[in-house]
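Two complexes are shown next, each including chain A; its partner changes from chain B in the first to chain C in the second.
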Partner chain A sequence: MKKFKKYIKAFELGLQSSMEYRANFALSLISSIFPMIMQIFLWTAIFFNSKEQEILGYDYMQMISYIVIASIINKLVSTGFEWDIAEDIKNGGLNKFITRPVGYFSYRIFSFLGSKVMQLAVVSVILTIILTVINSKFSLGITPERIALFLISIPLALLINTFICIISSSTAFWMTESWAAFIFMNLLVQFSSGGLFPVDILGKGFMKLLDFLPFKYIVYFPTNIINGKLPIQEIFTGIIMQCLWIAIMFILAKIFWKIGMKKYIAVGG
Partner chain B sequence: MSAIIEVKDLCKEFSYYEKDVGLKNSVKNLFLRKKLIKKAVKPISFEIEQGEVVGFLGPNGAGKTTTLKMLSGILYPTSGTAKVLGYTPWERKNEFKRQFSIVMGQKNQLWWDLPANESLYLNKCIYEIDDNSYNETLSTLTELLDVKDLLKVQVRRLSLGERMKMELIASLLHKPKILFLDEPTIGLDIISQKKIRDFISYYNKEHKTTVLLTSHYMADIEGLCKRTIVINHGEIVYDGELSKVNEVFDNKKIIKLQFESPVETHLLEKFGKIRGTEDLKATIEMEKSNVRANIMELLGRFPVNDFNIEDIPIEEGIAMLYSKGGKALEKV
Partner chain C sequence: MEKLKKALKTLKRYGFIYLIFVKNCLVRQMEYRANFFLSIFLESCFLGTKLVYTFLISNTNVDLNGLPSDSIFIFTGSFLLMTGFYMAFFYFNFSNIKGYVTDGSLDIFITKPVSLQFMTTLRYVDFSTMIPNFIGGIIILIVGWQKSGVEVSFVKVAGYIGYLISGVVITYSVMLAPQLLNFIIIKGYALGEIADALWDSNSMPMSIYSKPIKIIGTYVFPLFILSNFSSLFVLDKLGAVNIIWGIAAPVLFFFLVRLLWKNIIKKYSSASS
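This part shows the complex of A and B:
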């Protein structure tokens, strides 16, 4: 138990740090609304200028409710501590972890989760309100079973995202300036996770490709659990896939870090 | 007593790139980079015993920090072996990490946005220190360093000196057997420097902690370390007592003379190397063995009304060691 206490403290410090800057916190929430509004305008324009009721397998209301829910889930599972890790690698902040009996990985993850708590709480409330509203208007068919599965899939999605973050941060071992790599990775995840639009509108071929990648399990999958699109059986397979991806990426992250650490040269002489 | 730190033929090379001035060369570098090797630390060997305070002295880029980083397991060496407390540092065993600390004067180890006591408490958890021992150590250390009132202040609002004290406290909570200090007094004013120095000295005497420190300030080394290892260009050029550095330089002495009336400089040249003349003063460097005879002659021949016999200042000895560079001198 004593061994675990350091990570609880790391969690607590992350939480405290996040509360230190309230304005920053509020702004980051507000700023994530803009892409959503843009999407709504875009799809409204597309639907109202089309003769079809359905476009790419979605009717107007389905599309809008997907976009609203997906945007919020996207925020819910967002990470972004790759910058902190890269900073540690570049400026030698890693040293203090190397010389202390504490695991860097676990420390970072716990401190990140701590800094995420406030956001999780606020975003969850927003999500609940929005889901209740959408459900009462268009009846998404939300059942207690789906809510339970959804609540399982979200932490798993967050973990997948966390490991993607750790893996892409390891590029900092090889490149002194890795922001371009991060932006690339970010765009890739944004695009193929379903955080911007339902990925199945890109066609069967693309979906086949995504089957072999972890990205769609980040946003597309949980969104489709709660909006009733996925049959229950497929949800179970999906959750198993999420676990599998977590295991694979955990191993990958370990390997990358092991090689990276060998290469790590603390700056300054 | 057996050595607590044993270093044998430890060596570290870095690779780097070079770029000539100008856009043309930037473009060239985009496609082809010539890899160059810098030997930051050439094979060095030394031993340190428990309770010793050893100073690493050397110009910038001499390899002091690199050596400390290898000894604390931050860097893998290119070749050679080191045993610290019986462990190989770069295997990074947790049992090893629990027994030492490293403080880098230029790097901040505390949480910037939170008060120091939060960071200290994190260290308590990391090192798995129990409550009683933590509270006791903390109150002793904060009292010694006089920072009790500052524990609740955000670290970013502390002055450099106060922050250094907090860093020291953070590094000593788990009562390490070895303390590595990389330029602990850098950027501090003279009084803060002295306080830090006194504290390290006191702590070493109380706890028999082995201290290995690097510094640019001669006062740090003189005040703290009996033994000094001078490194230059990655090689140990001197290992011994600081006050004896000058014995390496063929026992030279400096004679300062004050005359009543002007004396022609060239007349003094036969006594030794003229270091400088000014109005009625002259400074001559000469062999120790000649001092007696030379003084007698000088007093007899010239209108001397005052004279001083001095050692070559330590700073100068060190500077000479620095400039000699590659050629390692005999150990004392």
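This part shows the complex of A and C:
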């Protein structure tokens, strides 16, 4: 427990830091509403002008609920601390962690989770309200069983995204300017996770490709648990896949970090 | 007459300074060629994701509230062209404002014998983000123009270019305004996120939005002029009022953002030096 205390402190520091910039947090929430509004209007116009009840495998209710829920989950599981890690690698900020009895990995994860608490709390309240409204309007058929599975899948999705973030940040060991890798990875995750639109509308071929990658378990999978598109059996398989991907990503992150640390030359320290 | 001569002389001077800015930026970007090509690659990836969505919507073969599905290519082409302009001439300048305020660079700019707004908001030109958006935008625009069966006449082409220029001036005014909040909110990244989200909300035809949003987006915070007006003009869907508004709005909003800038600078107090 004593060993754990320092990480709780890192968690508290992360929380304090996020509370300091409240205006930034509020504005950041507002910014995520705009793309959602645009998508709602776009698909409403498409369904309103179409003679078909179903377009690209979705009916109107499923599409709108997907867009709304996915936008919120996207915010809920977002990371973005790869820039801080890269800065530590580039400017020698890692030095203090080499000489102190603090694991850099654990420190970063706890600090990140601390900074995420306020966001998680606020976004969860918003999500609950929206789900209640959508459920009463569209009759999504949200059962306690689905809510429980959804609540399990969200932290797992956040962990997958966290490890993707750590793996992409380790590119900073080899590249002085790793911004391109981060932007590329963010775009790849955004596109393939289903954060922009349901990825299955891109066809079966693309879905088959995504079966071999962890991305669809970040947004697409939790969203389809709660909006009732996935059968219960598939949800259980999906959760096992999430755990498997976390294990794989954790091992990969450890390997990359270990190799990277051998290259680390403590510049600027 | 004397005033006109003076204004022309000033314009010539600023034109000359701007050309030096452009030259310096080009030299700098050519020096870091790997970065330059990486940036082109990344911007092409962003462009690719936008195009995937455009093709998806076009494949539904559904009209978008009075606009044929193929016309989406004209809107996407125009949006990409405007993104090229925005990224090349304004985006990095506007994003840097926060840094100028926090690290005190703005104090140095104030001492220079050129307009502070000119120096701060037009100093950098980025070619790497411009190239893919321009190439992609022009190709998609031509495809959309042909698919929608729009005639190629002098009036259509000239009108389209005219509204694109109007869009560039509006881009400068409308996208600069939120960034000026950086003078008040010193820390954070959310203003940039809002600006990006606002920009992307213009990527689709304005016909999809409800009436109040259309009114706000056209007359109050005229985002829709950026790429929607040029597209609507060639599709003969712009309407008489908006034809005039598309010409008047850039002048009005440029004047307003100039006023806002002057007011904010008056209240600016250096914090770092």
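One rule holds for everything that comes next: the second predicted complex is superposed on the first by the 265 of 269 C-alpha atoms of A that agree within 3 Å, B and C clash if a C-alpha of one lies under 4 Å from a C-alpha of the other, contacts with A are read in each partner's own complex, and residues count from 1 in each chain.
Going forward, contacts are C-beta pairs under 8 Å (C-beta built on N, C-alpha and C of every residue); 3 or more make two chains touch, one makes a residue touch a chain.
Note that the structure is a prediction, hence the values are computed from the model and not measured.
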When the two structures are superposed on chain A, do chain B and chain C clash or fit side by side? fit
Which one hits more chain A residues, chain B or chain C? C
One more residue to check, A:N24. First (chain B), second (chain C), both or neither? second
Is A:Q16 contacted by the first partner chain B, the second partner chain C, both or neither? first
Would you check which partner chain A:I98 touches, where first means chain B only, second means chain C only, and both and neither mean what they say? first
If you stack the two complexes on chain A, which partner ends up touching A:K254: first (chain B), second (chain C), both, or neither? neither
Go through the superposed model and pick first if A:K90 touches only chain B, second if only chain C, both, or neither. neither
Let me test your reading of the model: by the given contact rule, A:I46 touches which partner, first (chain B), second (chain C), both or neither? second
Is A:K229 in contact with chain B, with chain C, with both, or with neither (first, second, both, neither)? neither
Which value, in Å, gives the least CA distance between chain B and chain C in the superposed three-chain arrangement? 5
Mind sorting out which residues of chain A both chain B and chain C touch, each in its own complex? 21
Flag every residue of chain A that touches chain C in the complex, lowest number first. 21, 23-28, 30-35, 37-38, 41-42, 44-46, 48-50, 55-56, 177, 180, 183-184, 187, 191, 196-197, 201-202
Inside the complex, what are the residues of chain C that reach chain A? 35, 38-39, 41-42, 45-46, 49, 52-53, 56-57, 60, 62-65, 185, 187-191, 193-194, 196-198, 200-201, 203-204, 207-210, 213
Please give the residue numbers of chain B that touch chain A in the complex, ascending. 14, 40, 60-61, 63-66, 69, 72-76, 92, 94, 97-98, 100-102, 104, 106-107, 109, 111, 113-114, 118, 121-123, 125-128
What residues on chain A touch chain B, complex-wise? 2-3, 5-6, 8-10, 13, 16-17, 20-21, 92-93, 95-96, 98-102, 262, 265-266, 268-269
